[in-house]
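To start, the structure itself, in structure tokens.
Every chain is named by a letter (A, B, C and D) in the order it is written, and numbering of its residues begins at 1.
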Amino acid sequence: MKGRTIFRHGKEGIKNLARNGWMTFASISAVAIMLLIVGVFLLLILNLNHFATSVEEDVEVRVFIDLTATTEQQEDLHKKIERVPNVDTITYLPKEEGLEQFIESLGEQGEIFESLRGENPLYDVFEVRAVTPQQTEGVANAIEKLPYVEEVGYGKDIVDQLFSFTSFARQVGLFLIIGLMFTTMFLIANTIKITIIARKREIKIMKLVGATNGFIRWPFFVEGLLLGVIGSLIPVAVLALAYHKLFDSFGQRIEFMFIDLLAPDPLLYQMAGILIGIGAFIGIWGSMMSVRKFLKV
Amino acid sequence: MIEMKEVWKTYPNGVMAINGIDVSISKGEFVYVVGPSGAGKSTFIKLMYREEKPTQGTVVVNGYNLGSIKEKRIPIFRRSLGVVFQDFKLLPTLSVYENVAFALEVIEESPSHIKRNVMKVLDIVKLKNKARFFPHELSGGEQQRVAVARAIVNNPAILIADEPTGNLDPDTSWEIMRILEEINNRGTTILMATHNKEIVNTIRKRVIAIEGGRIARDEVRGLYGYER
Amino acid sequence: MIEMKEVWKTYPNGVMAINGIDVSISKGEFVYVVGPSGAGKSTFIKLMYREEKPTQGTVVVNGYNLGSIKEKRIPIFRRSLGVVFQDFKLLPTLSVYENVAFALEVIEESPSHIKRNVMKVLDIVKLKNKARFFPHELSGGEQQRVAVARAIVNNPAILIADEPTGNLDPDTSWEIMRILEEINNRGTTILMATHNKEIVNTIRKRVIAIEGGRIARDEVRGLYGYER
Amino acid sequence: MKGRTIFRHGKEGIKNLARNGWMTFASISAVAIMLLIVGVFLLLILNLNHFATSVEEDVEVRVFIDLTATTEQQEDLHKKIERVPNVDTITYLPKEEGLEQFIESLGEQGEIFESLRGENPLYDVFEVRAVTPQQTEGVANAIEKLPYVEEVGYGKDIVDQLFSFTSFARQVGLFLIIGLMFTTMFLIANTIKITIIARKREIKIMKLVGATNGFIRWPFFVEGLLLGVIGSLIPVAVLALAYHKLFDSFGQRIEFMFIDLLAPDPLLYQMAGILIGIGAFIGIWGSMMSVRKFLKV
């Protein structure tokens, strides 16, 4: 293929975009809308995943220290826990502070237990976090065997439930987003296909005048690529603006410490990459698939 | 140049359009194909540039056996041909200029060469001033002349024309015939289906008459025939 | 029946196709419209069934002023006409039978009436045996005859035909002319653009010659003219 | 319009569906896929809403009864609370039972408080539910003024947070589903439009042969209606099957008492109604809108 032919195909592809006016608009808006939907759910699901992760990370092992242990023995235990595999952080919580926290966490009802301050029934506690939340059980079992450990608590039932819930939610999310991507691909390819079917006669004429399949295909390749990229830039721009706005006003508008949005910085670039990638791929693919059918003349 | 042996063509809907045709056309010949409406002239012609494949028999054009030619080589084969289609087959989204230039673009000619040649043939068919128009902005006869221009622009070895004067007034028809004769004199083989009795009877050439899908008559310097 | 007063037509792209035409055609007349390719014949004809609106001047057909006719009444007006289009304009998804029947369905004729009439006109144009075919399965001439059949099936008051014999062999052309004469004898006004010199010079009728968008000649029993 | 003409239009509409083969397939699959997406998210969001509601309904007012109140005075208070507007249910919780529940709720940690059984520091409590969760605050304020009420607790902070969270989640859900529906409409109408643009020439020919706008439009109306309805039946069937399956296997597969799916019975019918309604409306609308553009001949 000569250089000027490559240039010609590019020019021709762009011209076709312009000349097919309404069809081009329809295809681009199909790409834009579907990718907008994909993008919205991608952002939503990534944030929910982030939320699930932060909930999971709240899981910790509470190590109740034998009441008879001296300060040295407690320190010794601290060192031993440090050596347990997969342990991330260890925080010491004396029983006075523990009671304080407990009373506070009960809110108004807590006042009833103020009387306990004199005869504190609690233990001194090490709060231990595993490197990943899923390793919590192993860490707890290992710590239980150490000396001066009265008891180890990490709410096995609740944690198991939490993990099976988050993993279920992740599966559902993944399933939805993959399903959405596939249907998007199908739908966009579909739309492109219709616009190309409408040009079936033209393709036939070109072949009858001596054009090779490649000669006919390249402008469609360019056209498909442009359709896909232009179509994906729109949702990328819309989503980036909207997400920034949401992120900036988030602190004020709703105040739940337990929901915080992912920072726009790497997230939006990743999303842009994914959407533009899907757009370009599907534009080219849809266009090539559809042209192929009419080349046998 | 063109060889047909025992060729039959039945369309998918069961119409038997060509029923055993044997014909041989040599390089440089000028052949009229005549016959009543629906006789099979266009089908006969479509077999030669392989828009249709024969149901039976062999068709050899320009050295290519169209029964066994590889998919990939068909475009190369077609480039040695110029075809004026009965229904013009202009590309609706391309201007007159671009429609004609297309036949040269596919063979990757240089832009300057394309420009020169396209303007030359548009001048020949008297459409130079409509180069920027789109097909739907042309009259029937003008569209037909664009189709003629596209068919001759690549200096084909064989020119196949299916009623190239059907939409033209007599003067313009004679003009087109003059062009075809000139091309023929330069060595191009010409095959032309036509209903124009006056032309056939005036510019005397070989006449193949088709009726019911068979060759009814094949005369070296024939007449249109079918007198009223 | 048809009255044009100082009619001008300039297409959006600037082409001045009709430049001041005054013409009057009475009921029952048979008029040929002749002229070179691109002279404005088709445009002249398109103004009469209001495919195109005049840029200036008034066109009155069958009592309808086409400049001021209400959008809603255009279909009613068109039903009193039969039109053979230069490019046939058959509906590609309808069979031959359905294409012809369409002109009767729009006026809500009874199915039995439709069936009888459609088969009758298909018989007249010799296409009865192709009633179930689709347009793309027909030869050029066959398509043209379907277009003629559709134009005459509703017994129009005016029959407008744009080169109705362009794709037909002489015998079939004469056959079509015979049909048109017969319809004309029954009182239908006929307006026919044509390039067929032999027909015009044999079946002598009024001839309107158009050149460059103007009436160059208007003779009661004229000849084709434009001798070579 | 004569009867046979109506019949003709119906027949013609169906024929067109068949004759436009690929275009019909493309339109129907566009409708089917978009409505599948809408349906999935509709079911998801309705279930999340249901979940939010059930969480909200857990909100109750705890009325701590003055320690000095006699049994009669307690009964008197019960009757007074009953007369407070918007009160739905009242449950009496003696302090012994209260402690029991409290210790249980703490799980393993609760053992520490076993010692309290002797000297129970709790109050007898009325647990009061408002008719709707949002009326809780008003009810609490009214009860606070009654005699023998030591204190009223309903976790104002947590409840406020919960409500603002659920209402935010509902808003997001509503926004997503409405956005999805509009984009669906646009996209389907778009696809139909392309298929009709490809038939522009045909419409023009019909008009030139004397067809009225209505005559041309009706078959397109029928075609659009059928496209929409057929296209919506597919996702309705798929979703109904899938939801039933999910609902049936839900008890075993994941065990969270706090998530339970809405019963399929009214839900799936509602969903079917919505999807078929959207499908039919949009099929007709998309088809009519697009035809209109080409009728001016």
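Going forward, contacts are C-beta pairs under 8 Å (C-beta built on N, C-alpha and C of every residue); 3 or more make two chains touch, one makes a residue touch a chain.
Given the structure is predicted, the values throughout are model-derived calculations rather than measurements.
Shared contact partners of chain C and chain D do not exist in this assembly.
Centroid to centroid, with C-alpha atoms defining each point, chain B and chain D lie 67 Å apart. With each centre defined as the average position of its C-alpha atoms, the distance from chain A to chain D rounds to 25 Å. If each chain is reduced to the centroid of its CA atoms, chain A and chain B end up 62 Å from each other. Rounded to a whole number, the gap between the C-alpha centres of chain B and chain C is 28 angstrom.
Shown here, the protein chains touch around one cycle, each chain meeting exactly two partners. Contacts between chains, counted with the stated touch criterion, involve the pairs A-B, A-D, B-C, C-D. Against chain B, the residues of chain C that register as touching in their complex are 11, 13, 15, 34-38, 41-42, 86-87, 133, 137-142, 145, 162-163, 166-174, 195, 197-198, 224, 226, 228. Chain C meets chain D in the complex at residues 49, 51, 71-72, 74-76, 78-79, 81, 83, 85, 89-93, 102-103, 105-108, 110-111, 150, 154. Residues 1-2, 4-5, 8, 16, 19-20, 202, 205-213, 215, 296-297 of chain A touch chain B in their complex.
Residues of chain D that touch chain A in their complex: 22-23, 26, 29-30, 33-34, 36-37, 40, 44, 62, 107-109, 112-113, 115, 121-123, 151, 153, 155, 157-158, 161, 164-165, 168, 176, 179-180, 183, 186-187, 190-191, 193-195, 197-198, 254-256, 259.
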